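What follows is a pair of complexes built around chain A, which joins chain B in one and chain C in the other.
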Partner chain A sequence: MSSPILKLIAQRVALGLLLLLAVSVLIFAGTQILPGDVAQSILGQSATPQALANLREELGLNAPAYVRYFRWLGGVLTGDLGTALSSRQDIATAIGGRLWNTLFLAFWAAIVSIPLAIILGLLAVRYRNGWIDKTISGLALASTSLPEFFVGYLLVYFFAVKWQIFPGISTVYDGMPFLERMKAIALPATALTLVVLAHMMRMTRAAILNVMQSAYIETAELKGLSPFEIIRKHAFPNAIAPVINVVMLNLAFLIVGVVVIEVIFVYPGMGQYLVDHVAKRDVPVVQAVGLIFAAVYIGLNIIADIAAIVANPRLRHPK
Partner chain B sequence: MAKAPANGSDLLLDIRNLRIEAKVYPPGEAPRTITLVHDVSLTLNKGKVLGLIGESGAGKSTIGLSSMAYGRGGVKITGGEIILNGRDIRKGGTQGIRALRGREVCYVAQSAAAAFNPAHRLMDQVVEASILHGVASRAEAEKRAVALFRKLSLPDPENIGKRFPHQVSGGQLQRVMTAMALCSEPDLIVFDEPTTALDVTTQIDVLAAIKEAIRDTGVAALYISHDLAVVAQVSDEIMVLRHGKLVEWGGTRQIIKEPRQEYTSALVSVHEIAHEEKKPDASPFLSVRNVTAAYAGGKIKVLKNVSVDILPGQTLAVVGESGSGKSTLARAITGLLPPEQGSITFAGRTLGNRLAERSRDDLRELQMIYQMADVAMNPRQTVGTIIGRPLEFYFGMGGKERDTRVAELLDKIEMGRGFIDRYPAELSGGQKQRVCIARALAAKPRLIICDEVTSALDPLVANGILKLLLGLQAEEGVAYLFITHDLATVKSIADSIAVMYRGEVVRYGPKSEVLKPPFDAYTDLLLSSVPEMEIGWLEKAISGRRMASAGN
Partner chain C sequence: MLDLKHIPLGAAIGLILTALFLITAIFAPLIAPYGLGEIVGDVWAPMSSQFLLGTDNLGRDLLSRMIYGARTTIFIAVMATALSFSLGAILGFTAAVVGGWLDTGMSRFVDLLMAIPTLIFALVVLSVLPSTLLTLILVMGILDATRVYRLSRAVAVDINVMDFVEAAKLRGEGNGWIIFREILPNALSPLISELGLRFIYAVLFLSALSFLGLGVQPPDADWGGMVKENKDGIVFGIPAALIPAAAIAALAISVNLVADWVLNRTTDLKGGRGNG
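Take a look at the complex of A and B:
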């Protein structure tokens, strides 16, 4: 019954995996193009040629690039992301805790921002061109126009420094009580919400307004439905695909785009980890984090595609 | 102007001095308010059907929708009283209006395919208003809906409600929409061109179903159409409108048999142009030989072994319902859809199947005119640029020479040189189609393919276009391949006719022979489905049919 759907979904997943493979090649190639190699980075500028040669032999850096690529890829597939050069720590272990922190922050930012954006979008359509719509759109535009670091510092200034409601530095540690943790992430989560809210809200509004031109909206009006019922029951279900798309894009941003916010609030997440190790020229870590970010991005976009396919009654119920 | 008698107790709808205005934004001018409906009054008794007829812009739909206090887009009801069941609905406020929509008055739209929400099952949409207004519980409403589906002769009435709109054909959707309107047992239904978008063979079924449903439920109706023959089948009275003003109002028999106004007479007699068939004496310059064509990589065969000839300076009409392969034949001839088998010969040589294999001169000889003139032109180009383009492209004309030729062509299409600097948006539907004709003529082609070129136009305007095409044929000796589903048009313009059904030519020959009995079953169905301006035609036609239509 749903064979065309299954086929489409299988296509999307296969395409996503292929894309991820291509990205891994790109990441690997990119780090190879950089001047100097791992041995040079470890031993520093003053290393003797003999010491370099020994270390290269030890790390297997003399093998051709494609061999090293497959060795790296094989490690990634078996959960071995390698060892960080700077700290000699296992990257997978280090990333484990930080990825969880990033997801925790992204989750709470998403829980607040997605429903809020959609509700505000619906309200803006219901009172379109009125003062409510203009206020919502204006505030949304203003919050997008401000750079995220500015929003972050603004929050820190008012909530941490002036009124001292929330901490300005979001320190979290293992075994921290839940409420403490929530209090710690309040400001970065708010900043993230403000950053992604406007985009989602405006796209929701635009998608629904587009559907509001349809003849079936007139049919609903002529049945005597109230304006809000019309939007909820007749317009929104047909606008769901573009809305899901923009929601997923922003979810991806919440996970991979938090670098700036994490640095501002000194939050121990993936973004901060990445920035730290870029500064230390720790190539294996940069590779690993880049690959994980790419996987998250591609994965969420596949989910958006699949959701859009499933939301289409023409595909769900073929003739 | 006969005022129909309105008995007080039976009075359902009483519209008095209705005035409707809209704000328009003409290109390059300041917005201004125009009046769409000028002080029109009408009355409708319970259980009666009033037909509203006129060309586009006459205000038919606007008046129909005013009975639900609804104005499309920027349309506003600015004056008059709309008294429904004894009260002025405009004084009821938003709540009052919402309470009557879908309860006392229901609406059937022209395109049910667009008017149903693609995201919900039909049944949920059919019973929505009944449940909303508390007319029935969901179970009762669904039971009533199934009964209505059965009455409207929908297939599988128990289960059709479980389908989504895209899973049901256009004719069936139109009937489901009628069931949706009837489901909440309203006092009045506004039918807004409910059969206009359908094939002629499907229209007759839907029309019969609507008529029977109106009779059996005793609902009153405003039946809006531009086709007087259709309106005459279902209405007790007919109101003729033009430019938002009342022209004539009377009983159906009086309007079609003894029209009192000149405009009404023009509407009644619009269909026929006497066209003498040309003798098939010359040899054909374009022959389609055993062409088979398919979409989706050969899976869906849309043309099966089709052969037709086109004679110089003559018209071949291709008729059939939608999906019969008429337009695909045009695409095969022009090279847009390369045939899988068969060949097309032109002036003694075989034309390349694919567009890329044809020379520029081959392309010049075959021109096309489309149904939708407004989307066939670049809205940002002036009429002069549009008509001048083929002159530059095919003949390398420029400057004064081109401008002179454009002016000549504008004269030929009876539009005058003043239009050179106008944009398509400033033209009426008929004028746009004339510009498209001039553009095709500019290439000096031997054949113009006309794909439903009059279908989107009002009858009187369409008539003007047909006369223009006939005149140009006499002057320029150009041949036409005239694709249409309208048999009246065929009679007016064709020299020979090919009847197509499911990708095959089922009947082909000179007009006089094709239209002479005995008919094959499909041609008979097609001919007998064309509405005639005759009271009782519908019943006669239905009882006399030999086969059911394919696409209902």
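Take a look at the complex of A and C:
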């Protein structure tokens, strides 16, 4: 590791933190765009003036917006996410276990989908324009058009109701044995995998195809290497950076997919927590969870950038 | 020009299905056998000659609701796409033509908006906004305009340096002329194929929001909301929720097939290598 790499990485991380700060402003502003009053919209038209005044006091709405923003940001930085309006619970405590559940689910979906996507992408490139490629591409095109809940409920309908192999509702609790937990998340993890797989595979295929059109690949072909040798020795090392990028971008898709999938399978994670509290118009919870989702998303993008720098010697020594 | 004899099979199927969906949406009240909220039978009755797709969770005819749902889903998606396109394209072209701090400012703001996953930001905003059709269309349209902005700015930057644009500028034409008379006609073909993809995205996005209970509110019904209404039946082996979900998928796939064909056709026109 030479120092230019560390400097580049430090730059990316600093930029990411700056972006995150800007995003926190945007998320805060997003809950202030209502022309009227947040308290009014939370309580509805029939609220009594007393209740409105109480809620305004509690939300600190009497202070100007920028003061409230810095108060909120200060809280977030010290680990205090505030209390939920609907349940009076501390948000940080409520999020703790749920965040872990969501990461657990996303982790297993990623473990299955990443290698699968790369292998299928490689196969599609190897047998380009053959029936394997056509089938894979066709399926990919079709499955990017499928809504998450179609995939989810199809799995529930067959695996949970018709054949009764896996539970259709993913109940997990603390101290649950590992195998039982895996059984509970089998269907949501499969659904998530299917949601991101097609996209990831298509992009992997495009990334490797891009490399395959380089002059050195033609040289390798002309000197008589077999197609698999060419992919293994010449194309893949050069495709690592774009493929890592693809993978990270799609992990970001996982974040969005997880919201819908968790609702389908009634899985106690962050997504379900967010959706429940959007419906209850519980602004502090929505802000906190939105910020966490955005932070994970930005974090993945930073990792993608750094991985691309580390994997590509040309980026390591910028001119 | 359009050569109808040489449409590939996939695109033809896509075109026919898309047209069918559109006709269903437009003539919904004429086609639907029962009313939207009319309770006509038992809860979750199976498919029969009387109720071709069975009934839903309140005993309403599922087929009729599907037909009306097509109307709501397609209408909102079309409006949101139209908004995102006009907003994104005009701002993107303006940024490319005017340049300078306006371009930098708008592009950085779009980068910022795109740093938050769309669904997450939509949920944050919808937590304080009233649930009306107008809000939905505005939120979906504005958030999606960021993607269109990126594309149209990238396309317009290339066109902006061409000789004929330079000539128009030297002639003394204003920015309005440059944007609508010089750049827009030349940027249409990449934008049109993007239009299809943005429409699919709008359909899927709306359905996801409605499924989460944050989109179209009852008594109105769209396909995503119908999945939500009927999802409890799945556990009892009643596939009613799968039907609207499949309809969303079918609509998205058929528009995708058409968009794919348009994309290939326009790259062919430009001397591209088609399916490279």
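The definition used in the following text is that the second predicted complex is superposed on the first by the 278 of 319 C-alpha atoms of A that agree within 3 Å, B and C clash if a C-alpha of one lies under 4 Å from a C-alpha of the other, contacts with A are read in each partner's own complex, and residues count from 1 in each chain.
The rule we apply is simple: contacts are C-beta pairs under 8 Å (C-beta built on N, C-alpha and C of every residue); 3 or more make two chains touch, one makes a residue touch a chain.
Everything numeric here is computed off the predicted structure, so don't read it as measured data.
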| item | value |
| --- | --- |
| Partner chain in contact with A:Leu274 - chain B first, chain C second, else both or neither | second |
| First (chain B), second (chain C), both or neither touched by A:Leu146 | second |
| Touched partner set for A:Ala65, first chain B, second chain C, both or neither | neither |
| Chain B versus chain C as contact partner of A:Glu218, first or second or both or neither | first |
| Chain B versus chain C as contact partner of A:Lys162, first or second or both or neither | second |
| Which of chain B and chain C A:Ala51 touches, first, second, both or neither | neither |
| Touching partner for A:Val266 - first (chain B), second (chain C), both, neither | neither |
| Partner chain in contact with A:Pro313 - chain B first, chain C second, else both or neither | first |
| Touching partner for A:Ala14 - first (chain B), second (chain C), both, neither | neither |
| Larger contact residue set on chain A - chain B or chain C | C |
| Complex interface listing, chain C residues touching chain A | 112-113, 115-121, 123-130, 200, 204, 207-208, 211-214, 224, 227, 231, 234-237, 239, 241-242, 245-246, 248-249, 252-253, 256-257, 260, 275-276 |
| Contact set on chain A toward chain C in their complex | 19, 22-23, 26-27, 30-34, 38, 41-42, 129, 141-142, 144-150, 153-154, 156-157, 160-162, 168, 209, 252, 255-256, 259-260, 263-264, 274-275, 277-279, 281-283, 286-287, 290, 293-294, 297-298, 301 |
| Partner chain B, residues of chain A touching it in the complex | 214-216, 218-226, 234, 237-238, 313-314, 317, 319 |
| Chain B to chain A touching residues, read off their complex | 68, 70, 72, 97-103, 106-107, 109, 111, 114-120, 125, 128-129, 132-133, 163-164, 166-167 |
